[in-house]
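Next, two complexes with subunit A in common: one pairs it with subunit B, the other with subunit C.
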Partner chain A sequence: MMQLAFAHPAAETLSSFIDYTVNGLVIGNIYALLAVGLALIFGVANLINFAHGSVYTIGAYVGWAAITFLHTPLPVTMAIVFVVCALLGMGIERIALRPLQGKARIAPLLATIGLSFVLDQLVQLVCSPDPRAVPSDLPDWRLAVGGVSIGPMDFLIAAVGIVSAALLYAFLRFTKLGLAVRATAQDRDAALQMGVNVNAVNSAVFAIASALGGLGGLLVGMYYNHIDPAMSFQATLKGIVAQVIGGVGNVPGAILGGALLGLTESYGIAVFGTTYRNLFAFVLLIAFLVWFPSGLFGARSAIHTEPLVGTFIAPSRPIRAPRWAVASLAIAAFALPLVTSAPYLLQTLTNAWLAAMLALSLTLVAGTAGQISLGQAALLAIGGYASALLAIDLGAPAIASVPAAGVITAALGALLVFPAFRLRGHYIAIATLAIGEIVSLVILNWESLTGGAMGLTGIPPLSFLGRDLNSNRAIYWTCLVVLVAIAALQTRLLASHLGRTLRAVREDEIAAQSYGVDLDRYKALAFAFGGFAAGVAGAITAHLYSYLNNQTFDSQLSLLALTMVILGGMGNVLGAIVGAVALVGLPELFRVAAEYRILIYGVVLLLLVRFRPQGLLGTV
Partner chain B sequence: MASFSCCSFVSGRRACWGLSKPMPRRLEIRGLTRRFGGVAAVKSLDLAIDDGELVSLIGPNGAGKTTTFNMVSGLDRPDQGEILFEGQPIQRLSPEAIAALGVARTFQHGRVFANLSVEDNVLLGAHTRLRAVRPPLPVVGPLAELALALIRPARVKREEAALRDEAREILALFGDRLTPRLDHPAYSLSYANRRRVEIARALALRPRLLLLDEPTAGMNPTETDEMQALIASLKARGMTILLIEHKLDLVMHLSDRVCVLDDGAKIAEGTPNAVRNDPSVIEAYLGHSAVGRAAQSAEAVGP
Partner chain C sequence: MSYPHSLKLMSLARSLILAISLVALGGATAFAQTAGGEPVTIGVSGPLTGQNAQYGAQWKKGFDLALDEVNAKGGVNGRPLQYVFEDSQADPRQTVAIAQKFVSDPKIVVEVGDFSSTASMAASPIYQRAGLVQFGFTNSHPNFTKGGDFIWSNSVSQADEQPRLAKYAADLGFKRLAVLYLNTDWGRQSQKIFTEAAKADGLDVVASEGYQPDEKDFRSTLVRVRDAKPDAIVLISYYADGALITRQIRTVGLTTPIVASGSIYSPKFIELAGDAANGVFTETNFFPGENRPEVQTFVTKFRAKYNEEPDDFNAIAYDTIILLAAVMDEHGVDRTAIRNGLAHIKDVPSVIYGKATFDPETRRVAGARAVYLVIKNGQYTLWDGKKPSAT
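What follows is the complex of A and B.
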């Protein structure tokens, strides 16, 4: 009798547990499809393909278009998606990889970031940013197993996963091209010398990886009956996380990593709720990067023998702008509001000055110290929230809360990235990307402090000596003064022993260490100084907007900042300002519609990486 | 700010060591072993260097010479054994801590900072000697360093200027090879010049022990002779040097002692002449069949 009385709730818990497990495995299967592609590409090209999520999105849209307009049955839809995405993958290889061989090692990574901007934006322009429903012609039955219902979609995803894994295994194991792929992955140069056509191998791998990624996108679209252009970035991230869990470049590891990530997310949602979903992925990512950098299945020394250590920025001679030219530019900038009071121009340039502070922060961290950060916008968010909360909760005046926010951001910035200091090359980029996402998710979920998704309203305007700064001119000058001060400090820092020490860390960590440079100390100093600049920029922005939420400073802004830095020249102070004005100011002044801007950024990044990797003013 | 003093701390520490009896040797390696997987790259190696000595480490490729350097400089950890620098065990110290004790090394393939100027490369070598700008304060040390670098009080400026002068003096040791290229980025230098920058950078540390890993690799005979003269002058100034070199002529001319490694183990040690005639050395270098022939001609090892 006792047993019967307890049977019902227990069975319910069990069945919902199985529900979450099935859901986790299904999503894990999709992640595995993404991760396998990323792992294949990393294997042969030593590249983390940031455009992979875009291929996945395009796969979903191609499938949607085929079903909606051509009314294709499922197998035909899948074949179309497979072929289109394979061709797209070959195109990515031709643009982002082949012409960049022998260039700075960061170049292909940046090229895939640029391509992802372009592809995502094209999808948005062609198909509109609104979500779409993907009709499915699957039969309508559900299989009930012990209170758990499994539908044909679940079976389809499982089948696609298993069949692709089997085909991939057979391809790699038994075909001549598969052998060439494995040889290239093991030692590209040796394979080249033995007559393997490495370009053909890369092309084939990109085709296979992209076809699998595209199928993943289609399946997810059918599973949730929902696709939108914004799904790309998350997909790239999830694929990378799954890959890191399994061991970067490890194909079987990627499959297991995907399943593990899917299950962790599914159980995590069950316990904590949906807004936490991505937090698990990124915390897992950081934990793995820091404690198991070679993943569950990677070779032990994967990170040490990784050929991305040392210099990976383009060698260059910076253009030294003469002092008088810099001084007259600054004077002209200060004098501008005296000549014109056009609010549009002044507001646009104010935005450019704020963006330039972010670019200065990133150019120090990524350019001077060589720690490519893809999460720099999180520093803006920390600064913005810090200043806003100080002003709202403690009534601090802006003149106190803005610098305080800078200091808080400096401390938090250095502290948050600290676990990632031991990582190098592309890994630090992934880690900072994840840390940026974690900051944004913490802001979303820490409602008692940050107001969660509702955000913070009623942030008081900037004020000085008790007077609110409301006029466009006053705000313009304030931002310009802060920018010039930060730029001057950073220039002074670069001319001191810290400048050469940070650059030595960027060039060769091993050699720097052997000459007594404590790497953690100087990386922390770089992140702290950069954190201050970004924190101040975020704080000022918060007071100008009077409203903040977790999406005010999104990860696209981090990538935009990186584009500015590369445009101006890595580590180059004047270059960062030029880059910011060019990418924020010019499109605004020429009234380029917002949806074309990201497209322009992507194209600019691609062209730079290909034709002028040292940027306009050169790497310092 | 300018009153932070660390010079006294350091000279005090050095004075302390001077007093400890009996005088420890400059470098003493005891039973050093390093395995990679199943292969022992270095097998229970013993080696000692006294003040002012120049000891060469020779042996075929893969003998374990660079692995030994890596362990002495802290980039690699021994599986067994001890490394004592002036009596202090250093085998668990970080590379930066070992550099701070006064050990400088060059790298086999050259690891200059490619985008830094020649002068900055050398100045970086003096990093451990920065005192005024790097106050040894707990916790706030890095912040004080940042503040001092930005404010630059007179002490800091003087220190930087003095190091800059010294860097130029060091570069002048190489004749006009590097001096006209002070501002050139290191990536623009010839291979031989990069090797010279490596050595200049090491000298800027004012090393109490200098580890040179194949300083003449990739140099033509004239350049090799120049390098030999330079190393001889360093030795004449009393510098303690551990040298890895394949050019045996140079080794025989410069060394006080030669230690021969083969397959990770020491097979001979002694004066250049003694080592030159040692049959096991000849065998390691030329193979077994050469021993008989070589024994007749003591010069066989020399190139």
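What follows is the complex of A and C.
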């Protein structure tokens, strides 16, 4: 697949280089527009707003509706979108985020994830999932630059991005409200003491950021003449990358971050081809996090002060389920197939047991050791492919290939996350998100090993002592036994000095270090153990499905795993299992609601975060 | 410590299990019945929410139209035909649960779907073991039907489709082709077959670029394409992404002719691509202007029911229900009878195939129809056989 594009005569190479540069800046424009809003919210509320892409989508649809039904000219459309999305942003802040103030910082993060489900699904229900065309009434002229051209929309997008960044910069720097915003960003409690109306500040920030996000959606929709309800996730992802590169929370930096991201993608395509595009974007992100963690313009100290120790994860008194209750639950789970043979119930619970292994892996890494990972699904993929390849290419029986896959995943998992070890808080989340995407793109592009998009077929079923495990009961019990074993091991681990050390790392890295804890070593241990659990889960899944490709374990699954862990209570072993059963079970329960079920799921999630931010069973 | 909490937990778990089993027993059934007696139920597993929801919505339109027709004629074996659509989000974790739900529900006599191979093939072992036919109609992965003798598909074989597209490009007089393909199992497979066929026809494939399904920006890809100096750009795309690319090709000022695979055939393609759609060459398995009775019935009824033009996904969904109804009517409505019926049924009228007959070995249908088209003034029109003037 790889073709070197620069094998042309020199003059042509130069002109193509200019074209790639122009194209990189054009797409970078769009990323910048997304990044400005995200940066503003991050700067003030210290929050990665996963609902930003959803606001962007809603902005696009509001604009579409205005143009289609009211035949509004562009300036009016833009004004309508601006106002509607500003109100939406204020609503989000008031209803979903303000009640969470003073709770752990992880709670609003989860709330924005829940919100994004709700908003995306609402758009889809109201406007149908079909993509729509968004006509623009801009004049149809093109300005030739090198071998390509730019049009009025490119200028408009750039202007909106740069002007809004400049205005925001001036506003933050020179106005009284701006001062209040900066004070709130620096220290909310101190600002409150000084008489700053913190709520009004947050509300204003969400209004501005959301208005910009919505405007971005409209302009991008017109640019491509295409909007669809599923456009939000990719938008959030690219916006986050751009704002990290520009310096987290830095508004003017977001513009440059967007440009740099666009250029990297464009040059990546130029040299290696289109399938490598996102790979370069995420490698760039990791490079920045490792070498320039404060981005192009971030304050040098930004990364060290965030987060304040211990406040990232909700402190709480965990609910201790008595031993007899846990034991009887386990016995009930084992006995269930004897009572009923309902395949759908057993399959749903089997899915829950597999998800619980992933949740256990994440709760150890994120809850106990404090390393919030948004790329945990990549570990499933590594385990799945490892076991499948051992079985297909070497004919290894499942009883050997599954644990081997666990070990391989443990080693690779710890190694891959190694660059992120020096990061903290949100930065680890962003880095692991990128690492997860990189793993999935490597799987897509390494065709000779993984089969690429075609995937691996004919993965043999699980077998034990030469007999295939095909019955629902046998599969159910196998997964349950593995889950109980991992859970028991993890409980044992957490009770040992290792568990205490990991928690010390989570609470205060510097204090832990000064007590002689080798941070890297303990983080690596956490990721290795977590990698083993996730690798085994991925391996079993591969044998059950018999088919894997690059989409089997996608990044949405990483988000789902984090949701399970937070829901159950960070670091809580039983909580992870409860969270997994709940989040695998709920969408199945809501099946009767057909198209509405993801909406209901999002609402339930929001309510849970609102009323029990420390999780059902509490943080350990 | 806190005793009430653990009780609460237990009761939560209990009510969850209870509720799951209730749903398992219940399930959502709907849809009009005109014929009498106990309805015969098809289980559909497909995306109604998530990234691919638009395709699930297209399926439903095709299904409902076919059901109207079947039930107006008295259903199957005198019983009304209906379907239960379970939303899978095209997610393998959900298709396996749906599969278990269907196989354990004696009312379900045949399963249809899922959308992507990732989602469908994860569930194949469950259907195969249970002896319930999994009928995938958008599953072009070459190994899909190799999952077992209960796994069938009438999806248009890319081994038929792509060589025809290559032939069309050759007939149009093009020599150097740049291929842009959707980097999924379908797109990659199609691209491979297309490239081989093009070479066999003496054409040069000078560039091959795979793009991700959620990609929106193709400007830099198009610089690569331009630098390869093709005399036509070939799109192996669905309508939404195909329209995005077509539009951007024209926006950046490239005048290279575009030849697109039949999967873009949809009125939506023209709506989304706008003026840029004019001049695009494509082919389709059916064309509203065709005189075949099955095409005329389908197109007329579709327009009447939905007040819009049908597309490829509507047509294949419609075909699938008509086909399964014919199998059930002739061979009975139990699971094994349907499996055996698929192997025996001959020449079922079909929008896509003209007459559909399965090869019992591959469990697929060969010989999809093809009509060469070109878009003129925002309309699909039959190709007049004229070669475009070279640019």
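What we mean here is this: the second predicted complex is superposed on the first by the 520 of 620 C-alpha atoms of A that agree within 3 Å, B and C clash if a C-alpha of one lies under 4 Å from a C-alpha of the other, contacts with A are read in each partner's own complex, and residues count from 1 in each chain.
Here is the rule we use: a residue touches a chain if its C-beta (ideal position, glycine included) is under 8 Å from a C-beta of that chain, and two chains touch if they have at least 3 such contacts.
Predicted, not measured: the structure shown is a model, and the values here were computed from it.
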### Task
Tell me which partner A:D187 touches in the superposition: subunit B (first), subunit C (second), both or neither.
neither
### Message
With both complexes superposed on chain A, which partner does A:D137 reach: first (subunit B), second (subunit C), both or neither?
### Response
neither
### Task
Examine A:D468 and indicate which partner it touches, taking first as subunit B and second as subunit C; both and neither are also allowed.
neither
### Query
After lining up the shared chain so the two structures overlap, which partner does A:A524 touch, if you call subunit B first and subunit C second: first, second, both or neither?
first
### Message
A:R597 in the overlay: touching subunit B, subunit C, both, or neither? Say first, second, both or neither.
### Response
second
### Message
With both complexes overlaid on chain A, does A:T501 touch subunit B (first), subunit C (second), both or neither?
### Response
first
### Task
Based on the superposed arrangement, let me know which partner A:Y515 touches: subunit B (first), subunit C (second), both, or neither?
first
### Query
Do subunit B and subunit C touch any of the same residues on subunit A, and if so, which?
none
### Task
Would you tell me which residues of subunit C are touching subunit A in their complex?
1-3, 5-6, 9-10, 12-13, 16-17, 19-21, 23-24, 26-28, 48-51, 53-54, 56-57, 85-87, 89, 92-94, 96-97, 99-101, 103-104, 116-118, 121-122, 124-126, 129-130, 141, 143, 146-147, 180, 183-185, 187-189, 207-212, 214-217, 219-221, 223-224, 226-227, 240, 243-244, 247-248, 251-253, 268, 271-274
### Message
For the complex, give me every residue of subunit A touching subunit C.
### Response
1, 3, 5, 8, 12, 16, 19-20, 23-24, 26-27, 30, 121, 124, 128-131, 133, 135, 142, 144, 147-149, 151, 220, 224-226, 228-231, 233-234, 265-266, 269-270, 273-275, 277-278, 319-322, 325, 329, 336, 340, 342-348, 351, 355, 444, 452-455, 457-458, 461, 470, 472, 544-547, 549, 551-552, 557, 578, 581-582, 584-585, 587-589, 591-592, 594-595, 597-598, 616-617
### Message
Quick check on the complex: what are the subunit A residues that touch subunit B?
### Response
310-311, 313, 315-317, 489, 492-493, 496-498, 500-501, 503-504, 506-508, 510-519, 521, 524-525, 528-529, 619
### Message
Help me check something: in the complex, which residues belonging to subunit B touch subunit A?
### Response
73-75, 94-96, 99-100, 104-105, 107, 111-116, 120, 123-125, 127-128, 130, 133, 142, 145-146, 149-150, 152, 160, 185, 187, 201, 205
